[in-house]
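Structure first, commentary second.
We call the chains A, B, C, D and E, going by the order they appear; numbering starts again at 1 in every chain.
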């Protein structure tokens, strides 16, 4: 299967939406997303059928087209289990995103087109094996986010949109410096080819200089403390589908980049900077959790909790152990699904109650049991309840972090584990105020429960969460070769 | 007949100019529309002529040279002129002096052609003046507007001063080497202080034309005061032409002094990026805004030029092409709005998306491309510029440039924000877009969207440059 | 100290003196006259260098053309006899400093530069210049000659367009800088050109 | 073992039932959900009793001891580090089998009881779904073969508890109680988790048996590592075990992590009977018992267990004497009894008769489950009848609720430890073990026994005597509510005669426990004294009790206010967590992190505004800058030195 | 016998005098006059170099001829602009042309 197909589908859908009248836009988008999901599942099947899919960390389905031959830029695509799981995540979240946006009234066409552009960016990012292309797709997604927030958002949307765009642009700029550094490490002989660069890592001094650029750059995308401030504002101002995409996929671009670009290509530097990464990650985890505790706006709560949760991704990457990295990957998928669902639920609640202030809500379980139940489920997932995906990921990160007996690692792990209590505090606080508790307003008794599209969106995501939560071995087997090959790189270095 | 083959663009351009002149002087009273059509067809022909029969060679001693790269550069300029001419339609139709407008415009284009093909400093100087002086007249074309004449005055005074400086530099160069020929100069350069001084003066002369800080101060004022098509022309075509020459002069003639000019270019680049961006950030008028944005873009181009490699040349030429599409799209939209409503403040763009979605999207595309956002061509342009600039490994410089991208992003997005997110009770009315403008905008859109995605343009330029 | 040298220094002093007067004189008309003298002095310098052709061109174009043009324009702008507006001292000081340092720098540079004087005497025959001007090969200047004609044509057209103008200025192009907050500050122009 | 193949059903059925009731209960199974849930539990009970019978009495024994059987062991989550993985396994050994019986029987009773008690509730199906979920989790917990698996079910138990406490979700108190229960136990679980990490990473396994084997073998690297590394002078193993115990203490409401338990009584009363009396709260005891071999080799940790248990027992008993909410009294009583079990473990030895404490603890766990759930169910009927929890609203109910009265009395006698009821035997064994282990703790235990008798009978008399009959709103409950009472009462009567030392021992080798009649005199006397005092004070209305309270003065006030532990927690969370960490973090985020970014933007804008004079519109200035630029460039790049 | 350096001093001084005028005069026509001084100085340079250093070709001479020509065109155009400006502004004071700024 040519992976460019994954890009083609959203692009065609985008074109289709452009050509169709506005009323049909959402149907076209739905069709596109369903086809995309099917394509991803077929891809998964084909991937698993590959004889060496589970044997080695080889990147499969590689295709290499020359793009800019004079600069040695190639449209080079290929996936391993890690990228595949990200791709699946993207397709799930996109479909859910389209479904929850069913009621969009304003500029429907543009909305869905931007959504498709976003998904194209994400797919492209995950399938690329050429740093230029990676960067290209990373940046493609910035502007649609800006537009989605600014046009369809709520609250101080312009401010948030601008802040998000600028911070992400700044992050891109840093990544950009890192990429060019990698490019020039051997005078462009390997070009931007990820595989070749990995096989031929730069000298330590070069890595040490460029690693922070790449890592912090991608880190900003994944809410690295203290560059996370776009997250709360951006997420809370975005329309539901936008928040879902932002938190569900966009932040994963960063985590994936940290792993695939920064750590994989500059393993020496990763070792060198690991304590710093861990420190920042631990701070993000605890600090995000405490900051969440003080929020009263539902979207802010989830946004800050994303800061905390994404800290686990960084922690998992930073500890540089196989378990940790696998945990980080699973946390990415898990957080993607979970936070997308959470935002979807928040969106549904907001659509009905017209408020996001938890103090003004209460007793929603009485009138909208479906939404409330899903809300509680995703909340429980967020606090890392076994059976949901979050638990698996967090535990893997903990184990991965605890493996290293260095006191710093220990303290970081303790801080990270401590966050599960703080998480419980804010999550239960939220659930207690929104879903449970006395019904605050008469009108809350007559709310309409979820419609079919909302239900299907929610069920789609919760199914993913439960699947990972109940049968983690599936995803672990899927990503194992990928993490192993990254690990090989890292241990090779630490061995020498 | 060699002259016909090698100078066909110039000759054809001269013919068009002459035709206009004759048509006006004789009794054939062409309406403005006819004139516009004739010129557009002429430019199209020029473009076509530029693409066929590739032959390189030189004439008049070595005063005039042409090759595929130069022809491509000329084509880029012609394309820009054609788009501007298409866009100028609505404005031009109301002018009494359409013929003169075209005559002056095409003369400057001819001047640029000559400047590009110049084989020595004299031809270069002549071309430069020929491409500058008529623009001063063009800038004054809104005869009844104070701003227009003020712009023209500022342009001509600055330009006179700049050419004085340039000539002063050339005189020292001549004095120390005894030659004004591009072919002979490299062998005669020794890098003596006086030659460096001459080099600096020369760079200042170029810097004036491409509006590099601190030689840029005329830019915004002239852009604001001049009529929209003239501003577009100034910002794209005339700047592009000088850039092309700058590249070849710097690399081919002063290649041996690279160590000397590298630091100068870097300094100028840093100042240009920073000042351009900071000023663009606070602009309230669309043309001033685009002026400072173009200043900032020049900073990036200088960054690439500082690399001094084949990639630098390629990236710069490519960027000029991309920039042409992007900037002309922006000017096209601004021109339509200005022409229909007379509104040129950024605040006037509030809620543009409601009344004129097509224009707003067009403008947004242009802004994104200028900001360097994929998949717009501007992204590729900027990326290649920085890659080319990074070849020297001056990482502080690269980091600085990257940070400047953020500031640039801020003001480009600001306009998008105004158009899409802000609302106003006094939005721009629905504007009817004439066919010609539509065509021009379509051309720009195509350029913005396709030039980067398809590597053909860049690779073609590269193959020409590396020959 | 031979005559040539004395003449040279006199010429130099004259040129610089006149030029200085030209840029400091309060009355524009007198300033133009000083400029005229300076230009004539430069022509004299060319004569002194035995470059009669250039000297002739200098006199014809500058003295006969440009200065006349300037004087015309002085009259056109009705300010011949008025004192020109005074320049601020700070501007003078800034300009003076820049100019003096620039001049000192330049002079220092070329004084330290070794110019290899040519032993061959310069042939300033007008025929040589004339031949070269119409020569198409190496050392010929036909192309610039043609090019400059186009430039002159364009300049002429430009002058005509700008200087010849039917009526007086519109006053709605206001003196104030545009206000940044409120939408349009100018009246919309007629739109019929676009709405057809 | 052929019966082992039915074990997975023990988990599968309740999970299925939860799923079915959860998804379809609300709509299509509204009426039948209770029956479905109860039937499932009935099947479970049958299976577990059959399993117990097989395991203890029919199945083969190995060296005369009980075998440990793995009914299932599948890798679930492989960490990819030194074979560490979470396996989902089902482990059968005496304690898990014993727990199976306790859980299924009590759960079944509660299910049956709930059929009547919860009738007419709007969320009736949900309630049964949650009960199923809880049963599933609890069974999973006790059957865990892997410490991490146990942690998983541990959490699930916690969440089902949360859901059930918060069942009346519109009542703020219930919501708050649910939250509190979850958060406090979560906090304790944090310790458990870290303990697991420490043990697991060092022993390179999470599997219980391997873990025990490695950490009790003084030659294994894991053992040596964990003994040699220390932090704050305490060995890693001690730390790990203590942390694990913290988890257990949280779930079992040991001091000072007990604060959630009284509040948890906001849940429906049957839930309290099931979760907060019989099953979940003893999970901590079970955990320590499960890891007992390791604990046994670590005196520090074991002492911690013992003292925490003893303190909690006494502490809770004192508070129980003063409470006026029927369910709170029972809650504190539960806490006190679990304290018993804990210190019994803490004073126990290992192997043979010296493992008496262990046996006694689990014996008490077993008996306590029945009589305590009986008490709760009885309380449920009473509350149902008069719609109040408060003892002040009760009195003289013995005529109105005869069955309840009788069964309640049986339960009271059992808990007080009056022979020959079940409580007597188990408590007696505990005290005996304490006598042999630690005399101080024995004394505390003795004192607590007297107090237990006192407060239980205070409760009994206040409810059923004291005043002339209170008006009863509804008649005594339907059969579905009475039958469980009777069954449980019957069990409470006879359970004491089960020869526990033959079944549940430290080394799985049965031993003969000796019953010392003489030894039981002292506690018995205290019990009788307690009962008698309660009778004197509370059988008839009067001021005596108030006088006594007066006499105790501050101490009474303290006990009444639960020794202000809640307030301390509140103080800490308010003033420390929120004020010192939470809101500064939020403020830091707004002002420093956010402010930093905004400041950067505003700063840029500010600079841009400041330098606008560069572009002042004067062309001569422009040209001066032009010239200046050239000169500066020249000075820099040609150099001063050349001038 | 030559005076190249002296000539160069004169031309340089002339150039900077021109610049001084250009920077300080407020009458636009006076500024134009200053520009002429600058260009003349360059002419002197070219001519002197050609005569004394490189007599073989006529590059310097021609350069100055073309400079003179272009200076004429330039000043003509500038004066046209000034006249137009004068009509619009009623002033030839350079300080009155600050409508466009910032």
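Just a few scattered comments:
Definition applied: a residue touches a chain if its C-beta (ideal position, glycine included) is under 8 Å from a C-beta of that chain, and two chains touch if they have at least 3 such contacts.
Predicted model only: the values in this text are computed from it and were never measured.
Counting only chains that touch, the fewest steps needed to get from chain B to chain D is 1.
Any chain that touches chain A and also touches chain D is listed here: B.
The most distant chain from chain E is D, comparing centres defined as mean Cα coordinates.
When every chain is represented by the mean of its C-alpha atoms, the one lying closest to the mean of all protein C-alpha atoms is A.
The greatest centre-to-centre distance from chain B, using averaged C-alpha positions, is reached by D. In terms of C-beta pairs in contact, C-E outnumbers the other of A-B and C-E. Note: centroid distance chain D to chain E, computed from Cα atoms, is 96 Å. Averaged C-alpha coordinates put the centre of chain B at 27 Å from the centre of chain C.
Here the CA centre of chain A is 66 Å from the CA centre of chain C. Counting only residues that touch two or more partner chains, chain A has 166. Multi-chain contact residues of chain B (touching two or more other chains) are listed as 122, 126, 129, 133, 136-137, 140, 143-147, 152-154, 157, 161, 172, 175, 193, 197, 220-221, 282, 410. For chain C, the set of residues touching two or more other chains reads 91, 94-95, 98-99, 102, 105-106, 109-110, 112, 115, 139, 141, 144, 148, 151, 155, 158-159, 162, 165, 169, 173. Under the contact rule defined at the top, the touching pairs of chains are A-B, A-D, B-C, B-D, B-E, C-D, C-E, D-E. Remark: chain A residues 67-71, 73, 132, 135-137, 139-140, 142-143, 146-147, 150-151, 157-158, 161-162, 165-166, 169-170, 173-174, 176-177, 180-181, 183-184, 209, 213 touch chain B in the complex. By the touch rule above, chain D contacts chain A in their complex via residues 26, 75-81, 84, 86, 148, 151-153, 155-156, 159, 162, 166, 169-172, 174-176, 178-179, 182-183, 186-187, 189-190, 193-194, 197-198, 200-201, 577-578, 581-583, 585-586, 589, 592-594, 596-597, 601. Note for the complex: chain D touches chain B at residues 601, 604-605, 607-609, 611-612, 614-615, 617, 619, 621-623, 625-630, 633-634, 636-639, 642. Residues 620, 624, 627-628, 630-631, 634-635, 638, 642-643 of chain D are the ones that touch chain C when the two sit in their complex. Considering their complex, residues 91, 94-95, 98-99, 101-102, 104-105, 108-109, 112 of chain C touch chain D.
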